[in-house]
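Given below, in the form of structure tokens, are the structures.
Heads up, the next two complexes both have subunit A, just with different partners, subunit B and then subunit C.
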Partner chain A sequence: MCRAQEEEDERYSEAVRRRPELGLEQKCMKCKERSAVLIIRIGDAFCKDCFKEYFVHKFRAMLGKKRLIYPGEKVLLALSGGPASSSMFQQVQEGLSRDAPKKLRFVPGLVHIDEGAVRRQSLKEREKMVAEMESVLKMSGFPYQIIALEEVGRYRAVIQVFNLPSSVVQWVSKDIPDMADDYKAAVDGFLGHHTGVENAESGSRTCVQTKLAELSIEEPEPAASTGTFCLPSAQSTQALKQLFDSVRSLTAKEELLHTLRSHLLVHTARAQGYSKLMLGDSCTRLAVKFLTNISLGRGAFLAMDTGFSDRRYGDVVLVRPMREYSLKEISFYNQMFLVPTVFSPALNSKPSEKGSIHQLTETFINKLQSDFPSTVSTVYRTSEKLNVASSVEGPESVSAARCLFCLCPLDTRVEKASAFHATLISEHLSQRKSLDLPEAAVKKCCAESEERRCCKKPAARGSTTSRADERLNLLDLLCYGCRVTTKDLTTLDHLPHYVRSEADHRTHRTAMKKEIQEFLLHENADLEYVLKT
Partner chain B sequence: MAASVSLQLEFSGGAELLFGGVKKHHVTLPFQSDACDIRHLLVWIKQNLLQERPELFIQGDSVRPGILVLINDADWELMGELTYKLQDEDSITFISTLHGG
Partner chain C sequence: MEVATRMRQNRHTLMLLARGCASLSLATEARPESNCGCAELLTGGGGGTWMFWRNLNTMPVCCNSCLEKNAVLKRPKTGHSLCKECFFTAFEEEVHQTIMSGQLFQRGETVGIGASGGKDSTVLAHVLKVLNERHDYGLALLLLSVDEGITGYRDDSLETVKRNQQQYDLPLKIVSYEELYGWTMDDIVKQVGLKNNCTFCGVFRRQALDRGAMILGVDKICTGHNADDIAETVLMNVLRGDIARLRRCTAVATGSEGAIPRCKPLKYAYEKEIVLYAYFKKLDYFSTECVYSPNAYRGHARAFLKDLEALRPSTILDIIHSGEHLSVKEDVRMPVQGNCSRCGYISSQALCKACVLLEGLNRGLPKLGIGKHQKLHHKLLAQEPLTEQERRKLKVLDL
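Moving on, here comes the complex of A and B:
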């Protein structure tokens, strides 16, 4: 620790000493021969060749060190066309084309999600962007897919994002193949392969590899998983636009887009038997995300939201291999080695700096970074020290309640004397409601759901009371951060169908559980008692 | 009396949105080459090329934090940043690393 500090100090003072003689004459700190073209950190100047070597090595070292991706495994790369994901894609290509010992050995596939509808692009603009993206993807020779946010998997059946099977928001366990049952129905085309993978994974690792190897031979891959893009129907575009119009703040829009995008990516990965999903989050972006998520009330999930691997979806693991690169490194690499990128405007292009919490944090970090060049790395290193508690990843978490939106274990099931309940109480007080109201409301909605279950039909929506109930029910299924986002939705009517049906399903199940609770032997103590007597 | 400076300017990563969506600009500055550094260039860009929202590109007398500047494909931090003296036929690249440009 002390030594690292000393080294840091030394490096810094060296940098300060060197500063006056800055200029093109400065030599690369690595080869000390060629002149430098880029400063990565204070005092670390690299020439073009050494920079390339450093960049490529870092990618392979990252994957090698973490030992997460097994040879022959199917890995889906999520590409937005932006600098970080394009650069990640280029690194994978580079890694796969290498000579034997250092070669990456997984089987990649590509997916791009077209979010034009949310970004208010015209059909023509969207077509143009998709064509650009497609030309980039086509060159790779990997199987690829371009999906509109509204629509999924055209070549199998048209399932829209509004029509995703509700298993997307369920946690699918790796070890219990049965749980994938309803999911199988939705993707019958891949049924055989999928069970194969699931069963294999409960077995030994070598088994996985052979199975996967078989899979990749069996499948006529490029033909099967390369879907050409077709523009979604005007109706579904309209539905998506309505959903985003019903959101009051830009912050909530960003969060909602992120949620839907993740669902769609995970669904695509599952449907085609990918077990890893690579995201191109850079270190700069993660530092911004880290602070943003704290402000959004998602502090409990920081390790999952910004870590190298994220197991919240169970069978599909998210991986962030670009998390040690700063955007500066990435942009320079792309510029120097002509990595093609496709620029797409974000939700908040050309906004004011205070448009959303995301925007504000980004400006804040960048401003600090320009005065204190180690800002990003400091924030990033802090995030690196956080770990997901073992209880979250352990076997007992299978039954734990998870947020309907982000699938993180609920942080709202806490005791009465907690910050969460304090917030709730002060919220009710500030709305000038009496304190016992929440309980009354809960009772009422239980009664309501009982009725619903009796006739096996969802209660008629439309009356204001049932809407309020639906909102209450939904909120109950969300983590704190997602609750805050949902509060900015003016109406729940436009939420995708799979979210609403799963919400109904869960509410009914809870109500039923409550009803039969007294007949259940759920406490270990009870069980022991019964066994003894 | 030195000749005027002609430059190749490039905007990418979303920065081009502020310049009418045009990425590459070939410009000739009306300054004398011996008295023209990047600081002058930024002022000139603000007055002549920038089409909207100048605060999204320039803040203070430098570029907005998060926008990278490359002089002849090298980091401007190696060249003295704002004090770099422009040469004829230099190429200057601005890359926005900000989310959505």
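Moving on, here comes the complex of A and C:
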């Protein structure tokens, strides 16, 4: 076992030994006056007031230290109703209240996504849960919106919106310098830009919005301020259920749900001009997610998937301010200060420990945590030390191909000595009779898939494309992790329209590009791709 | 003896295969003269294996690859059904691919195969010999074994290695802890007890292999680490927060850091497929757990990985893919590699771990090398005496 861990465990046992007999008469280790009510970490006893102060301070300190959110910026809080996000919601409310010492200065909005259709809830149950959620959201006085997951089926152009304009991405990288090199300048820049946009009604942001308005759908958006929830049509619920029924494994279902939810959240943020999206992932949650994502083959994106900020969408930045709280702390806080939470059922009907990789990992981490109390913090600290793969970041990434599902830069263009190629070889070798030299085998693998979407049939969109081809084409557009998920889909027919049409579109563009390759002056003519619409 | 080993091995193979059957169902070996449509013959299997054979398909399945013969197994890695010959070809070809794409060897090199007598190293030795002839790598292969001095475990497994030496006609060199360090593992356990003994064994073995290789003058060492081992190590390093090892543990070859470069040609081979290969090739290998209980913490990671594999067989390679694509922040402090000032072996400290452990053993302070005691290194180097308090801390508590 690791030395660091051994030491920590040693310290733990020492702390346990040193700890005076626990009892009601023990004093808070901070104010040393009031009697302690709970123990956080190892042997640190806090009274109720000091615990609250500690909890509140941690939230502000996190946001203050990272300096990512600007005064007056519109921030959308994604609330599931679970303990962590409810606690985050409460912290924001607290921080914005008039008598808060270091007042938060952003403009919050709330969004809840109702996933009842995939969580096997009846209409009645869903209505009840939505009503419960609504009453919680209403009290805050912030603008809020409750959206059904079925909405993903409505948006025909979400993905195109995602990829929108390189101008959006460039704008981001230009105006918001990385981290707090010069926060003040960044804030000034932000404010200047903000008013500029509002006054002149020009600039990329407005551009995005007009485009969005054009692209999005027949039905008008619900009013920006407060969206009253209307149950989705039975038809769209059916379509969503069909999609999830076509997924073979619970693991893939969880991943698919995560993908669709992210799309919907980012779309909502964009449509209403929010530039930050706050997620309530706790430290415990992130440690589980970290290990889960490693098992899912998403190692290249760990920094994005579990880091404090996530810029994969360009104009909407994901922020995780709850990442230093353990789930235990959060639960204690919620219970002591009566933070309302809303329960939502799990994805599978029969809860079991070994249903999906997600559940398996969660059970594993929790079990280990009870034996080795430093597990979660160690995994969390490991995640702190990673960043987005260098090959994947940098100026080229603006135009580099991104995964159709998760918007991460593709990690499948790798050299031959890799696990990815090893799987291709294995699949090739165990399928058809082949006495080819394996050298050729790999080439053949690639060549074949290219041949299939070859330029001879560029207009193969629609009826003439066979299913196998469509699958191959789709896989080509995905990162390693999303490929693995897609392999568990029995059919692609039920994927939301925007995903399929964008896949078609990209495949078509690749074919076109191949045809004109020799006339292109820059290898990097993908910029043109981004500007196409 | 021979028979007893065989039987034990056979039972072990079946046990290994039966474990986590969800992803692996082994069809029976077809009769040599049988063709598609012919009834299948059950081989092997005593009473204890009945559960295992029960899950067989009664209908013969055609091999997915040659489309002619009856399939005898379902590949744990891909789920395809293959006949024996196609499986051998695929397995060997994949190892060949790993060797070629990773440029593991150069023509004319002498390569030492770390041989423990277990399934991985036995299969590695066999496959390397076959590939070396088939593809004319031009390598001189030899077997390299370490005798830790564990009665009832290593002495038996070394017998297997000696048989392998004759079967494969490869030279064999055995280096022992006793000659290198003056301690056998049996003696160490007597002093240290069963708690941290694996630390001693692991650290000493790494060096012993290098020293043996130096004695033989080999250019490279290759070890039988399989895909499961590597995935497990990735998980372990995450759980331990060992970022430096996390970054390098998926490398197929480690060159610059050590005295002699090492590589893992079975990096992408599933443990289950290695067992299948050994089983169908009827390879002679030794299979007993070490008598000094296995490392408990690693056991957690191992059990977790098995559960993951049962849910989704590709997980093992998925984890390796993840490990290959991790990217560490530039500002994270990494240990700087230097050399041990006593023995000259690579070390990030003034004294290498093996020297500290050895010093602890010789001074009767076995905990010297367990945990962090770098502050004491200069005292050790200067041969200064330790204070009574320090001594007390480093002794084993007698319970």
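The rule is short, and it goes like this: the second predicted complex is superposed on the first by the 382 of 533 C-alpha atoms of A that agree within 3 Å, B and C clash if a C-alpha of one lies under 4 Å from a C-alpha of the other, contacts with A are read in each partner's own complex, and residues count from 1 in each chain.
Throughout what follows, a contact is a pair of C-beta atoms (placed from the backbone, for glycine too) under 8 Å apart; a residue touches a chain by one contact, two chains touch by 3 or more.
The structure presented is a predicted model; accordingly, all values stated were derived computationally and were not measured.
Enquirer: Quick one: classify A:36 as touching subunit B (first), subunit C (second), both or neither.
Expert: In the superposition, A:36 touches subunit B alone.
Enquirer: Tell me the contact category for A:480 with respect to subunit B and subunit C: first, second, both or neither.
Expert: Only subunit C; A:480 stays clear of subunit B.
Enquirer: Looking at A:238 after the superposition, I want to know if it touches subunit B, subunit C, both of them or none. Which is it: first, second, both, neither?
Expert: In the superposition, A:238 touches no partner, neither subunit B nor subunit C.
Enquirer: For A:490, select first, second, both or neither according to whether it touches subunit B, subunit C, the two together, or no partner.
Expert: Once the two structures are laid over each other on A, A:490 reaches no partner at all.
Enquirer: Using the touch definition from the top, say if A:421 reaches subunit B (first), subunit C (second), both or neither.
Expert: Touch partner of A:421: subunit C, not subunit B.
Enquirer: Between subunit B (first) and subunit C (second), which, if any, makes contact with A:297: first, second, both or neither?
Expert: In the superposed model, A:297 contacts subunit C only, not subunit B.
Enquirer: For A:135 in the superposed arrangement: first (subunit B), second (subunit C), both or neither?
Expert: neither
Enquirer: After the superposition on A, what does A:345 contact: first (subunit B), second (subunit C), both or neither?
Expert: In the superposition, A:345 touches subunit B alone.
Enquirer: Mind working out whether A:381 is in touch with subunit B, subunit C, both or neither, as first, second, both or neither?
Expert: second
Enquirer: Between subunit C and subunit B, which one touches more residues of subunit A when both complexes sit on the common chain A?
Expert: Of the two chains, more subunit A residues are contacted by C.
Enquirer: Tell me, which parts of subunit A touch subunit B in their complex?
Expert: Subunit A residues touching subunit B: 22-24, 26, 36-39, 45, 83, 284-285, 288, 327-328, 330-332, 335-336, 341, 343, 345-350, 358-359, 362-363, 366-367, 369-370.
Enquirer: Within the complex, which stretch of subunit B touches subunit A?
Expert: Going through subunit B, the ones touching subunit A are 12-14, 16-18, 52-53, 56, 64-66, 68, 70, 73-75, 77-80, 93, 95, 97-101.
Enquirer: Any idea which subunit A residues touch subunit C in the complex?
Expert: 1-7, 10, 249, 251, 290-291, 293-300, 302-303, 354, 356-357, 360-361, 364, 368, 372, 375, 378-379, 381-382, 385-390, 392, 411, 414-423, 425-427, 429-434, 438-439, 442, 480-481, 484
Enquirer: Quick one: which bits of subunit C touch subunit A in the complex? Just the residue numbers, please.
Expert: Contacts found on subunit C: 64-67, 75, 77-78, 80, 82, 86-87, 89-90, 93-94, 96-98, 100-103, 234-235, 238-243, 246, 252, 268, 295, 297, 300, 304, 307-308, 310-312, 314-315, 317-330, 332, 370-372.
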